[in-house]
């Protein structure tokens, strides 16, 4: 029994199910938002798991997800911008809530790790996660409006 | 306890796989595939395979959706050009 | 010596990588010469290794020699059949590269070397699959050869049929390969090993009480589904005509000549090493499964072959028919059967590649491979005409061609009513080829009427050269002639049959020896097939009206729908059928 | 074949296969079982060769021959895609219009690109120590470059992406892998044997003999291969047009 | 552990394979079909890793734990899965390239409308 893993399980079940529901129903714009929030919901779960298993090396997964997840969303925002036009797919309340949760998780894991190189890595992940999430949301709500041929 | 988290991840992956098949529009399928990729990465982590998880993140979350979306875009652009030429 | 085994893979891959790296700067001739050189070195190497393959060699790549019988490395097998297949692959790849000499127009801009490079990777992959002694390693090279084959099949992107055929090929074969991987995973779960011999021993050790269980059956079905998809066995065969009929001719030579046969070889190798023990699938069940599927395949292939007008597609169906015959020979699980299949494969590779080479010459000369459209137009291609006719007769198993010897030995092995299948199937496929010869090259008989809508026509195809060629290049004719001569040599060189038989039996389980030489019985049956083929072709060509296809063939032809979804459904049905055929042994055990 | 008939066939085949697989699942050793003979041997072999990440040891040492096949699959697929997605006779290239991207997104892309590149290289370099390796890092590195397309436009990406160089690197990396294998053979051991270099100190960057070298070759190969692959798809999606579409 | 957890991972793998095959056979869009093929492949990842899992084990990566201090899961299946993922990505790319050419030459992505090869 391990509190970190339990937290990760809850986060995974809640975030994963919500993301799955969001990405399979509704208009395309809503689905892209759900895809974006998947990153934000599952990246903290990966951090919690790394902590729970006592394996600092698993943190690399969270790092890569925080880095690549928003890139994936930007791909959709860029290549689906025609579908997104006219709709304003922004769920800012939800976005901030999920970003705040990510920040809380990073802070908790940081507290458990203690200062050092590992903590710097965690902070980088936190920054990438929150920043990437907000930027991707911004991109979804019309950053590529003018894009035509490119 | 460890088994519970594996169970949750497995069920989510099964659900995402079903959804990916059920989405008949390729662009929407690509969205589900990218979520499936991330869920798989989590499943691989809980199965204690971080190497595979990293690989799946890199491929499933970005590369495959990007390839699919570029194909979709090419087809749409072609359709638009055709309509315009008519 | 055994350390050189991995070079069969490394040399062509190195050649391909160098070609791809330098392709932007190399002139075309230099690129093609490099390709031929790499293929030739590999061929020479495989022959040298083949000569030294008795007793069989085992190499552990990476130097992970077993300690106390356990190793963590990958096993590579150098015995007669594996090196024989590697040599066949290399020689055929060499002739395909020679055939394509200065041939294709328009290599992609700045990629003069890409076609020979892909061919070299294809060659390396097939060699790697042939010598693999580790099940997962076999899967890796299986997948490598598939991936290259998809790309090569779709090489002519301007051709609508080519890209469709390549996609069908890709989807069906990938699905089969994933099935195979799942089967490997099941075997790993049971035995915890990946080397074929160790898995076999693990299965035997795990049984202890009673024979195989559902796990072994499922693993068997999944692994064999992958292999049988490659071997184009009914009902996994639908992709083959769609892909082989549209691939560039040199690629067809490799696909039909040896890649499909590698599927049969895989069946032989995997069954013999993994599933033959008491913990595997009982011999009676395998025989039942392979004979049923093999006969179905042979008959379906032959009937479909007869009703084609697209010449390359006709040849592709004849490959299916012959693969069915190989499977039957392997399926009786006797040393004679193995010898017969080996000789038949060798002879067939030469003959089928030569026939494809001739069909390619037609395509480049006339921009069509349609029997109806070409009626009487190819009269001036004398050399090609002779080669095509001789190829047709060789396909029937006319002594003393290698196909005839292989057929005779196989018939001896299977015996009884199955002999009829051999005679009829080889006669029917050969008759189709001879019919084409008579109509296209000699203009005999009235032009056939276009009646049936449900078929693939071969007209309006792009030639593979830049524009139609005025005369068939000498290289193409020479390659076809050399290939036919090789097929002849398989049957005529004294002692060759026995040599093949000895090396196959040495590698196969049991160690029983069988001899493979001409018998009066075999010669007579070969002559019978050839006479039947000529008669059938003559009757069809000379009778004023084409005999209407019997009603029962129409549904058979409708099954070949070109729809990838249908093929996937058939793949699942085939896997279930295979399970049902092998089920009694598991229930009885 | 009609849709209905296909569904029936599918149901038949699917039911048979499902029954078979379900029966097989019940016969499988229970999930989480203890017996993994090969796995145990692999861990032991990895430790004797001073490779901290056993998966890297399996990939680049014990089963390096499989990885050769895997690398070749990627190499062949990229070569195949270059051939299949070439500009056909009836096509031409059109210059895409420059794109206007919102400023925050552009800033983010330009800021994250170097971070992603460093991350990719880190994942490659630590392949034999921590989770990761040539393949994972290679994909990340290649993806990082494409942030320029997302944050700016295709023209900007084309300027930092000399395609010929990447194609050559791709092929040369495969050559390097093969040459390392052949070197071991020439040195008197077996193909791809890890005996050329000292095994070094456990858990340091230079440990594991040839493992880091093979890992680096694969990383280089994957990074360039993915760049070339995406370039061909991007060309199709953005630049290449058919003549008749005018 | 209950019987359910003993076999569930394998059953999920089998289910995913069959689901993918169903989607592939009934697909009306070739890009969708290629996606379904990659779903089929996902089942092999799950199966391989489930086979190699060991209860209470951790990854055999010794950069942050001492060798022998904890039980480890099977590294071989992980290496196999890595290879498998590469294969999947490349096959997807190659098949998508073919789909693009089909669209150009046939003008459709619906397999029902491809009528060139039959009989």
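A, B, C, D and E label the chains in the order they appear, each numbered from 1.
By definition in this document, contacts are C-beta pairs under 8 Å (C-beta built on N, C-alpha and C of every residue); 3 or more make two chains touch, one makes a residue touch a chain.
Since the structure is predicted, the reported quantities are computational estimates derived from the model, not experimental observations.
Novice: When every step has to jump to a touching chain, what is the lowest number of steps that links chain B to chain C?
Specialist: 2
Novice: Would you identify the chain whose Cα-based centre sits farthest away from the centre of chain E?
Specialist: So the farthest one, by centre of C-alpha atoms, is C.
Novice: Go through D-E and B-D and name the pair with more C-beta contacts between its chains.
Specialist: Per the contact counts, D-E leads.
Novice: Centre-to-centre on C-alpha atoms, which chain is most distant from chain D?
Specialist: C
Novice: Can you give the whole-Å distance between the Cα centres of chain C and chain E?
Specialist: Those two chain centres are 28 Å apart.
Novice: In whole angstrom, how far does the Cα centroid of chain C sit from the Cα centroid of chain D?
Specialist: Here the centre of chain D sits 31 Å away from the centre of chain C.
Novice: Taking each chain's centre as the mean of its CA atoms, how far is chain A from chain D in angstrom?
Specialist: Result: the chain centres lie 24 Å from each other.
Novice: Could you state the distance in Å from the CA-based centre of chain A to that of chain B?
Specialist: Between these chains, centre-to-centre, one finds 15 Å.
Novice: Where in chain B do residues touch at least two different other chains?
Specialist: Residues 2-3, 22-23, 30, 48, 50-51, 53-55, 57-59, 62-63, 66-67, 70-74, 78 of chain B each touch two or more of the other chains.
Novice: Two or more other chains in contact with one residue: find those residues in chain A.
Specialist: Each of 53, 55, 57-58, 60-61, 64, 68, 71, 75 in chain A touches at least two other chains.
Novice: What positions in chain D touch 2 or more of the other chains?
Specialist: 6, 10, 14, 17, 21, 24, 26, 28, 32, 36, 38-39, 42, 53, 55, 58, 63, 66, 69-70, 73, 76-77, 80-81, 84, 88, 123, 130-133, 135-136, 140, 143, 229, 233, 236, 242
Novice: Strictly by the criterion at the top, what is the full list of touching chain pairs?
Specialist: All touching pairs, sorted by chain label, are A-B, A-D, A-E, B-D, B-E, C-D, C-E, D-E.
Novice: Using the touch definition from the top, list the residues of chain A that touch chain E in their complex.
Specialist: 53-58
Novice: Which bits of chain C are touching chain D when the two form their complex?
Specialist: 3-4, 6-7, 9-10, 13-14, 16-21, 24, 59-64, 70, 72-74, 76, 106, 108-111, 114-115, 117-118, 121, 124-125, 128, 136-137, 140-141, 143-144, 147-148, 150-152, 154-155, 157-158, 186, 188-190, 192-194, 213-215, 217-219, 221, 558-559, 561, 563, 565-566, 568-577, 579-580
Novice: Which part of chain B faces chain A closely enough to touch in the complex?
Specialist: Residue list for chain B touching chain A: 1-2, 4-5, 8-9, 12, 15-16, 19, 22-23, 27-28, 30-32, 34-35, 38-39, 41-42, 45-46, 48, 50, 53-54, 57-58, 61-62, 65-66, 69-70, 72-73, 76.
Novice: In the complex, go through chain D and note every residue touching chain C.
Specialist: 1, 6, 9-10, 12-17, 20-21, 23-24, 26-29, 35-39, 41-42, 45, 58, 61-66, 68-70, 72-73, 75-77, 79-84, 86-90, 164, 167-168, 170-172, 174-175, 178-179, 181-182, 184-185, 189-195
Novice: Could you please specify the touching residues of chain E with respect to chain A in the complex?
Specialist: My answer: residues 58-59, 61, 63-65.
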